[in-house]
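Consider the two complexes below, in which chain A is the common component and chain B and chain C are the respective partners.
Take a look at the complex of A and B:
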């Protein structure tokens, strides 16, 4: 093949790749930009054709999410701020407990051999795969019987169960990255295993614990299926509240978009903080160990 | 002599029993919560699936044997749900793998601002699926949605995206693909970066073409990681529920109901708890089967790395 033809084909190929990347970027980023723009539009500007790119920003959507200003008393705003508080309480306490239990279990799975370890690990991970609606058929009954329906405590319980498996696997991955010699040397020098765990190993996986917490928080924060079926009025979380508001009074698009932006902000921050561990979290601690 | 060995044995025993105590103490909270929140509900589901039972009238439980299952498996509507779910899963997974591998390959080399680009790229994945559903429903509105406006402005006809079964299937697939392609990009990039540079250099020296390098070296060597991504997406899109609640509400009619959606509707709108339990059991069997493949593979990977 003559060299000029190859380079022409190369150039065409490069332009094609560039074109596809630009198209993907547009597909990827466009809806996010549109979400943010729409969250700042007044109801008038929302439905204009052609859609407005430039407009006077209107904070009604955000006001109704935070329960302040003029929009505070609108029908759609009632209880939305409370649901934001519910979301924070449930996901923070659920995350803390799931990470606590998951760290303990992950350590044992990394360091010890015990009967049924493989089955235990499968069982633990399979909880992450469970279709929420399947167990919900029974939760619905169980929560009513135990008085857990529509309580934050009930949702915290669900959030622990939904994340503890993930936390166990990720933490096992981080513990696997710590050499076993650490405990061996400690035990030879007369320290207990517990001491070695608490004082030597745990400080070495601090970053891992933070990353695990980041992951669990993101899942708990965005969770919808469990919260929507198990709450009725009091304990609704923000994702549930906005979908309920959409059903009853015609869809408040500005409010939904504003709530979407409010929901993504903490996740964005966590994502950036744990970016080095993303792979670890996404593959249950199997890959990307450092 | 015997005294020393006796002492050593004692120490050994103490160490072993402290290990046992640690195993037990550290595992029991996780095990307890999972038994209570997973094992107990699943056993109860199986139990209820043999009854004609409604959550509304809990006194009246009539044993049905396998009738719930027989009814479900011979119900043409349920097969429609499975066919719809299958189509949705196939389109989503195929699109996400193709686009994800392509974009991941373009981004796997180091460049300035890589962390920032990746954080921005991951944004769709950070949204709650319910928000994703509403956002796409908003953009796909047939009259004032931005998508139809863009189609119209380049001379294409407007589409009633959420009003027709087939269009709604593609709309849902577009939303799911938008949300989860970044996940494949992330894993694919990591897999490509994990291939030793020397292998590429060797291929270069041998005069391999870029296409040959990609299909014969890069892709096979990253297959184990891509397999994890594939199975995870398979499981997650198979049980997709939230997205459809917000995007289509199962409509038009009930033509975009996934199997999960159908379980929820049977249990919480019609309150046919027994039938819903049987359907949930069928769903669980499929998901557990897929999970077993995944976990086997993960454990193998875990030993290798």
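Take a look at the complex of A and C:
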């Protein structure tokens, strides 16, 4: 084939791919950019048509959501600081515990045979099939009786319940990828099974633990249905708080945008922290049998 | 040294989800010998080794190690080392720490300067000293198996269990490492149980071999013992390269008649068969069969079905009325695919096996006096 024609086609292909990537990026990043820009606009700028790209940043939205500065004691401020703390406490402890139990359960399901293992695994999976709305009422009643309504502790329990099944399944997959010879080598050479699990197997699946924690954290952070029903004032999480963000002067769009940014940032921080392990974990158990 | 064998397995039984892997397996490995367990995939080799190491729970049977009943003993207390076919090295440790792994365990702990000395010496022996600080995932297959063997060796265990340790390696590397294992064995007088599906590998390394199939040891002894008196058809099929030739035959009026063949063999050459007659399988080591020109006097006719070149010799497959067999012939034989030929079985060369059970029914002993 003619080399110049090949390169011409090559170039056209490149431009096509580039164009698609730009469109896709715009589709994904566009709303976030819009959100961030809106959160920094004053009430006036926000409603200007066509939208202003260049404007003087105005931090009143952020001051209002945290109830500081000029917005302190303002009736219009929705004040999300407490809910942010609630969300962080509930999501972090819920994720940590779900991953902890999921790792232990996943290991057992990967390595040991017990009566009813298949049924157990299905039951664990089925906890994730349940639409939360179906059981909300009963949770509400139970939590009210047990004094767990509107407590962070109660939400942590819900978060564990919602995520431990997922964590068990994902971790089982990662443990399945670890050759059983690892434990065999350990016990033949005079170590205990527990040593093999803690010091040899766990380090081999740390990417998997990071990936599992990532999934659980996203679910816990975004969890809405349970939190909205089981909390009233004290333990409200951030998504619930934002959805109900209407001040005395109508819908506070600037504040909602600012709160939306506040909602995104912890997720970014979390994934930034685990990013090194994540790439490895996202390849799902491709540890290579060496 | 006590008179006890190093390892004695009595009637081991083990099923995995209803599939029987071991069906009453008996095996004895003597002190200071290399015992090769030869059998096809799925014969029960790995299960036998895992049972010896205590890594699987047996359904029945007893494991004795150096005269002690260890059936219910912890793997950590048995003082055995194991090398697997594939995965051997712990990726969270480097080469040096992989070799030193056992010497830092609660059960086999040594002082650090002693560990360094032993690891260094073992690495020298296996020619991996230059790899000690490497990460295990940078090693080649041959280097990995050397490191694994070094880890087993560094502890000087009672018994080495080697589960196809060389099967994943290419031929040259395999032959080299096999010779080294033999050398190490001479130096250390260690006892090894070596599982393999490779006939050449087994006879090259072993003092004695055990033929395993269907979760049972079919026969064990020196290779000469097995050649002199194969216990059953399975042994014949697994031993030799090419394996034993089998012919459908009948015992009639004092002779063995091969189906579709002219040659009749007098029963006297088989040392008595303990029964009157009927259908049998005649087994002959291919080395004993004579192949000649068609219509040679006193021979039966066959034809060359296939020819494999083996460099300095060739293997031919001969089709006969009673079955086909493979035999190695010199390059000069001039046999080509499609040629007619004749074959003759010397009158005292064959073994008779029961056609149904496969057990040997002839009683001759061809062991050299």
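Definition applied: the second predicted complex is superposed on the first by the 233 of 290 C-alpha atoms of A that agree within 3 Å, B and C clash if a C-alpha of one lies under 4 Å from a C-alpha of the other, contacts with A are read in each partner's own complex, and residues count from 1 in each chain.
Simple rule for what comes next: a residue touches a chain if its C-beta (ideal position, glycine included) is under 8 Å from a C-beta of that chain, and two chains touch if they have at least 3 such contacts.
Note that the structure is a prediction, hence the values are computed from the model and not measured.
*Asks:* Could you look at A:222 and tell me whether it touches chain B, chain C, both or neither (first, second, both, neither)?
*Replies:* first
*Asks:* Thinking of the overlay built on chain A, is A:191 touched by chain B (first), by chain C (second), by both, or by neither?
*Replies:* second
*Asks:* Touching A:263, do we find chain B (first), chain C (second), both, or neither?
*Replies:* Touch partner of A:263: chain B, not chain C.
*Asks:* Could you say whether A:116 touches chain B, chain C, both of them, or neither, answering first, second, both or neither?
*Replies:* neither
*Asks:* More residues of chain A are touched by which chain, chain B or chain C?
*Replies:* B
*Asks:* Figure out whether A:131 sits in contact with chain B (first) or chain C (second), or with both, or with neither.
*Replies:* first
*Asks:* Mind working out whether A:182 is in touch with chain B, chain C, both or neither, as first, second, both or neither?
*Replies:* Only chain C is touched by A:182; chain B is not.
*Asks:* Is A:275 contacted by the first partner chain B, the second partner chain C, both or neither?
*Replies:* Touch partner of A:275: chain B, not chain C.
*Asks:* If I apply the document's touch criterion, which positions on chain A are contacted by chain B in one structure and by chain C in the other?
*Replies:* Dual-contact residues (chain A): 187, 192, 287-289.
*Asks:* Please name which positions on chain C make contact with chain A in the complex.
*Replies:* Listed in rising order, the residues of chain C that touch chain A are 50, 53-55, 74-76, 78, 80-82, 84, 86-92, 101-102, 105-109, 136-137, 144, 151, 155.
*Asks:* Spell out the part of chain B that touches chain A in their complex, as residue ranges.
*Replies:* 15, 18-19, 22-23, 25-27, 29-31, 33-34, 37-38, 41-42, 44-45, 48, 55, 58, 99, 102-103, 106, 115, 118-124, 126-131, 134-136, 138-139, 143-144, 146, 149, 153, 178, 181-183, 186-187, 190, 194, 225, 228, 235, 239, 241-242, 245-246, 260-261, 263-264, 267-268, 273, 276-277, 280-281, 283-284, 287-288, 290-292, 294-295, 298-299, 301-302, 305
*Asks:* Quick check on the complex: what are the chain A residues that touch chain B?
*Replies:* So the residues of chain A touching chain B come out as 17, 20-21, 24, 27-29, 31-32, 34-35, 38, 46-51, 101-102, 104-105, 107-108, 112, 114, 118, 120-127, 129-142, 157-158, 160-161, 164-165, 168, 173, 176, 187, 192-194, 197, 218, 221-225, 228-229, 239-240, 242-243, 246, 251, 253, 256-257, 259-260, 263-264, 267-268, 271-272, 275, 278-279, 282-284, 286-289.
*Asks:* Over in the complex, which chain A residues touch chain C? Could you list them?
*Replies:* So the residues of chain A touching chain C come out as 179, 181-182, 184-185, 187-192, 199-200, 203-204, 287-290.
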